[in-house]
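We call the chains A, B and C, going by the order they appear; numbering starts again at 1 in every chain.
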Amino acid sequence: MAETPLVRAAGLGKSFRGRRSTTQAIADIGFEQAPGEFLGVVGPSGCGKTTLLRCLAGLERPDTGTVEFDGRPVTGIPDAVSVVFQDYHRSLFPWLTAGENVRFPIRDRGRAAGREQAREALDRVGLAGFADHHPFQLSGGMQQRVAIARAIVSRPRFLLMDEPFASVDAQTRAVLEQLTVTITAELGLTVLLITHDIDEAILMADRVLVLSARPSRVLREVPIDLDRPRDEVETRALPLFQDYRREIHRVIANPGTAD
Amino acid sequence: MKGLAGFAALVGLWELLRSAHVLPPGSAPASVDIARALGNPDLPGATAGTLIAWAAGLLLAASIGIPLGVLLGLSRWVDAALTATVDFLRPIPAVALIPVAVVVIGLGAGMQALLVGFACLWPLLISTRFGVRDVDPLLTETGRVLGARGLRLAATVTVPAALPSIRTGLRTAASLGLVVAVATELATGSPGLGWFIAQQQQAGQIPAAYAGIVVAGLLGYLVHLVTS
Amino acid sequence: MKRLLGLLVAALLLLVWEVAGRTGDTGLFPPVSDAIAELASIDPWTDVLPSAGRALAGFAIGVTLGALLGVTIGWLRGLEPWVRPALEFLRAVPPPAVLPVAVLALGATSGMRITVIAAAAMWPVLIAGVDATRAVEPGYLDVARISHARPVSVILPAVLPALIAGARIALGIALIMMVISEMTAATSGLGYLILQAQRTYAIAQMYAGIIVLGLLGWLVTAVFSLVERHVLSWYEDQKGIAGG
């Protein structure tokens, strides 16, 4: 990688102390991510993907290792980092309208400017005209669009997404995947997408990081050389796509033979 | 364990406020004296008096409130007929009726039970009515398909399904009933903890008055544990 | 139609009261018309307003304190198991039980009455605040942190429905405490008026006092519901959609 990386993680480890036992969520994770790169992270369920994301976002402090963002070590939550959380039910505020939810991260920017930027962000996710709706008046897919709008409204440089499409139906999911790729490309965002869906990772990412089961480490990095724009149906039919899928499945199923 | 430490801290705070004269020593006795006063020979009788008035009132309220609530929940017409009356009676604080009860019934346990019953009636009535009305129509449909009708349907499907809501009402009623029981004793001199506390205060036996408060709190805690 | 039926039944009951009062001779049930006529003897400025003012002041202080303490204790997760049983005990003390001691410590003053009303109104809100704060969706707090917002900016709106439900219970208790505190060691107020009327066998005036109390209770409940509906419109709508 010729460019200086925007994100660099080295030797990340994190354990959680329970009442009786200690669970090691991640063991030793290291990777670099170039500016503008779309990185997919896949792994078996319960493998500590969310813990990794929380460490990268600064929401959780790793026990070992370091995270660097833009050349500086991450200690708190960097300003230019934003997150789309897994479950919109638990991340959108029901007492605010869609517009107010989107405006929440930029609430200090003045009323008029904030409103304008929130409107623009809602436009981008295809929800123009829904600013005054409360989340419970919107469908699941629309709610997750609001969550995406909220994540991009502050114009972050690094967007972390934690299984963002896990709780929507398959049809909506394909639409949202496409929308996410388009928007993040337009804004030149660096994206890290956590997912348990291997196809989703291949369809969206420039490179896929395959994690092992808990305590997780990086099993393999798979660069995805598929042309863009990728298509839900056409791209999936390509032999190369099938090769990637087979490779990643194999690595996850037989972690011992990874290298 | 941690909870006991919390109680110890509460006692410590009390002693601290006392010795710092934040609490006037004349009306805030030492915790040791309060503990000693818990052995007051009149205390068990007073506790029993409050407990009996409370239980009788709650029983009275339940035996009227729950069936009436079921009826209001089932029949739109009965509900409509009684709504205005209920809406007018319900906001009257039960303790405001103490003088009425004294005039009409006279002093005694019956008067006290009636006042407690009046206070407890409303939460029971309202929550039963809502519980019955909120029963999933699918459940009653199923019951009907299985051949249950009328009273049988109400007894086997509707009321059991409304039980969680009725329990909520019972919980509210139980703690409210204790408040009204003590208030009635205070205002009318009926035998019970309220009267015990007032008497001890008038006799200058302040630690005993506090012992009465502690027992009232324990009684309330017990009621809370039993109903939740 | 149904509304009319309800009013008709209420009117019928009043009529029964009136007839019973006119035909009976015990003097305990004066006709309702006498009680209504006696309303004129109740001075809103000296009898009603001081009572209502003390109740509202005590309610406001109690609810504010309860909300602040409840949210704070709920937020300090580690603290909760230590203080919980002590709080549950204090909450369980029937508030009228402390009246004699309050009279002793603070005298038969307005301040004492406001204090006991506040102390009684505080608990339902405090306990609701502790429980609701502990139950705040962790996801909301994550969003607050990632947005560099203070946790309280999401905790307060998230626990507001629970606080208001607690305040509704507190309102009923505040009214009870208002009346009972005026029945013991008082020289003014609605509770005093009712008790005094009973002792002097001014039975019609006693009923008039109770009617005023009922109206007062109805009024504050109605205002409370209005405020609740305004503040929690999102909550009611959401419940409506989830339910239907």
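By definition in this document, a contact is a pair of C-beta atoms (placed from the backbone, for glycine too) under 8 Å apart; a residue touches a chain by one contact, two chains touch by 3 or more.
Only a predicted model underlies this, so the values are computations on that prediction, with no experimental measurement involved.
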Topology of the chain contact graph, where touching chains are joined (line, ring, star, complete, other): line
Chain with minimal offset from the mean of all protein Cα atoms: C
Distance between the centres, which are taken as Cα means, of chain C and chain A, whole angstrom: 49
Centre-to-centre distance between chain C and chain B (centres being mean Cα positions), rounded to whole Å: 15
Chain A and chain B, separation of their C-alpha mean positions in angstrom: 53
Multi-chain contact sites of chain B, meaning residues that touch two or more partners: none
Chain C residues touching chain B - in the complex, by the definition given at the top: 2-3, 5-10, 13, 28-29, 81-86, 88-101, 103-105, 169, 172-173, 175-176, 178-180, 183-184, 190-191, 194-195, 197-198, 203, 206-207, 209-210, 213-214, 216-218, 221
Complex interface listing, chain B residues touching chain C: 2-7, 9-10, 23-24, 26-28, 76-77, 80-85, 87-89, 91-100, 102-104, 172, 175-176, 178-183, 186-187, 193-194, 197-198, 200-202, 206, 209-210, 212-213, 216-221, 223-224
In the complex, chain C residues that touch chain A: 137-140, 142-143, 145-149, 154, 157-158, 160, 234-235, 237-238, 241-242
Residue ranges of chain A in contact with chain C within the complex: 57, 59, 77, 79, 81-83, 85, 87, 90-91, 93-96, 104-105, 107, 134, 136-137, 150, 154
